[in-house]
């Protein structure tokens, strides 16, 4: 935990620096008769972020905050495993949207999560994995007319559009 | 055992999807009389919700729905990002069937945004010319309590206040900004231009006397005008507007200047000729509908329907004009 | 008296069977749209706008207003049950609504939210009926410096919102504000902070992308880790006497809903401010004036009643400048305004004179919509609680799926969904190190209003900052806001000085 606290502070400091550099693309000084320039607001706020990161590092050195005192691991085995299984699953779902579309990705994700992480029976899994995308299709595409991406499955939906839209 | 069931399941699923694909593509390629959209049409709006372009797009959408003009609905999506830059990039990237199902409502940022941000790699003249539905007009407005009744009074008052005369407008380097520059140059003024997010907010700044003048479209200032809160001094048009007969044109006042906002519908640059023809027909029908004609008169819009090559020529002319105006303003280099 | 006869006429319009049916349909649809994370009243009204062409304008407006109302009630449902604010107006509801649900008191939270919404709505409609034309002029007096001062006040009421770690809290506020600056700098018309030139950043970072990332994905990853796979979500049950008891309990929270209703209504009237700052300020002030401010954020019913009464009051309030001046007070009213224009009505000062049937029909329909939204909401509470009883391994993936759709729907953009995932994972990791996340979410909501208003004011004054102090309305608000902002700092210094002694 103690090491993670420092790593996070350093990373955030670097990110603040990047934000300052990026904000400096627009004038960040005081433009006479106009007030602050376009980059001023994000630039100076990023500067404050940088100061905060240094402050966090000082607290780390002085061991003033709970995370900087804790010698427990930042993530134990269980946490790491769940992070990769669940976080990875969500990552996979979002990636799949580009290929099999929103509904395909939702069905596959629910199949993966409910069946393999949740260890529910196929009898529970299949109705959820099929029912959720179907319900979502009728709620979003048909009722609200928010057309969600279909990826390469688009041709499958054309007859459905003809019937329901 | 379990892995086996899994595999069987996956194989079955793949087979089902495969068969469905083939039937679906057979169905789509079978019907081939005249091109018609076979999925919902993405109707991109280059501006935010609630603005002039947005209202107009939603009106067109509802006319299409009401008269069942299209087999598939038009679905408005607002993409105001980067003064329309995001919308232009979005359309520019559409290919194949997507390009045939994406259209956009544009305004004059259609010219100015690609000119100001050449890094986008967008050329306005490559977009598919569906229809110019109207041109919106601009007037010069002041608050009733300023006591100003004509342009001479306006010039005198603005001269007296110098840099403290505030013109509220929509966005930087936008239509309102160009018109303010014209007034500054034509009458030797030093008006301060303050940009706001939308035309409605601008109208409110004037009504609350937080700004001294605006160059709103009639539809934006109408409510306050009817209530007598704001006064129309002059119109940036070639003829006086029927709804504002008391406001002379700048031409009458000896300045050879007119300026309009295009209200057009364009298609993605890679749109097929068949799809373009379809949309040209669709928006011709929208244009001719009683609702659209009424809206045109009510909101002091002008301009006839043009499309195809005539529209391209119109773009060419206006693109060049905006290039010159932006160079003069110092927003881009020559 | 004239008002009462107009109002009676309005009720005749509402009790027309078509209109009454539309009110009930509208609030039900609105309730469900509002309950979806990512979809709020703006989406509901925008999506259903074209469908209103099938009925006369008055009925159409009544229908849309009913959706608006229903969605305001619905926003609380997602905040309480999933911990994801359904819309920016419901952010403050998560602060105490979510802890209540986790304590097994989701029923209490949902009913207090509905009760407070009803009270807030009723008070504000009554104010609306009585003082509409009078208050319209107050709205016009608020220029840029005044709105900025108000935003400063909203921030000030939130200082010390969460976290004992001072640098991490400041960091969180600043990062939210910087993210709010992404997109277009409207003052110079230049693109700003377009990271790696990805065009998706041009529309800025929508508040919902951060909120769903933090509360949907980050929060779920955190819960999964902490619970070690043994989560039982909620054991709340509901009975009719229970409902009545909680409703009576809501009445006892009179202080928070009075603050909420009045503040919400007033802030709602001001153009550009809208319901979100109103509900945040109501929460902040209720907390400040409470006997035990430390109980807030841990499941305090008053912390649900204040923002919920405020956001409903504000939604009514924001219709006032729309009808009387033609100025939208919130994004949703901007769409409603568009609808009125399409129907051929001209919003503005003449509407009350020329279209009395329309105006008073609408006002009367607000009373009806408020009542029906309340009843329908209460009616659905058992169904919502039943959903919470699903096993966690089914509820969790459902929340991820809702987050995915919720991140996509507002701007219909996959870029936002990826950003949401990055925010979610980042929030999860930082949260483990005690970085508070709520300040960042608040900052990204208020930042896009505050920054342009500050710069517009300074442009008008020619760079003179005294503009915030010398104007009759802005001056006192700014002074109060600065005093509140400095208060914790003074306390800190005071404590440091006293400590050695």
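Lettered A, B and C in written order, each chain numbered from 1.
One rule holds for everything that comes next: a residue touches a chain if its C-beta (ideal position, glycine included) is under 8 Å from a C-beta of that chain, and two chains touch if they have at least 3 such contacts.
Please read these numbers as outputs of a predicted model, since none were measured by experiment.
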Fill in the blank from the handout: Per-chain C-alpha mean nearest global C-alpha mean belongs to chain C
Handout entry: Of A-C and A-B, whichever chain pair has more C-beta contact pairs
Key = A-C
Practice task
Averaged over CA atoms, how far is the centre of chain A from the centre of chain B? Could you give it in whole Å?
Solution key: 34
Practice task
Averaging only over C-alpha atoms, locate the centres of chain A and chain C and give their separation in whole Å.
Solution key: 23
Fill in the blank from the handout: Touching at least 2 other chains, the residues of chain B are 163
Fill in the blank from the handout: Touching at least 2 other chains, the residues of chain C are 187-188, 190, 412, 459, 462
Practice task
Could you tell me which residues belong to chain A and also touch two or more other chains?
Solution key: 33, 145-147
Problem - chain C to chain A touching residues, read off their complex - result: 33, 39, 43, 47, 165-168, 170-171, 174-175, 177-178, 181, 185, 187-188, 190, 192-193, 195, 217, 220-221, 224-225, 228, 391, 393-394, 396-398, 400-401, 404-405, 408-409, 412, 414, 417-418, 421, 424-425, 428-430, 432-435, 451, 454-455, 457-459, 462-463
Practice task
State the interface residues of chain A toward chain C in the complex, per the touch definition above.
Solution key: 1, 4-5, 8, 12, 19, 22-23, 25-26, 30-39, 41-42, 45-46, 48-49, 52-53, 55-56, 59, 65-67, 74-75, 78-79, 82-83, 86-87, 89-91, 93-94, 97-98, 102, 105-106, 109-110, 113-114, 117-120, 124, 128, 132, 136, 140, 144-149
Completion exercise
Listed in rising order, chain A residues that touch chain B in their complex are 33, 145-147, 153-159, 161-162, 165
Practice task
Would you mind writing out the residues of chain B in touch with chain C in their complex?
Solution key: 49-50, 54-55, 58-59, 61-62, 65-66, 76-83, 85-86, 89-90, 116-117, 119-120, 163-164, 166, 171-174, 192, 194-198, 200-201, 203-205, 207-208, 210, 219, 222-224, 226-227, 229, 294-295, 298, 331
Exercise for the section: Enumerate the contact residues on chain C facing chain B in the complex. Expected result: 42, 46, 49-50, 53, 140-144, 183-184, 186-191, 194, 197, 199-204, 271-272, 325-328, 331, 334-335, 337-339, 341-342, 344, 346-350, 411-412, 452, 456, 459-460, 462
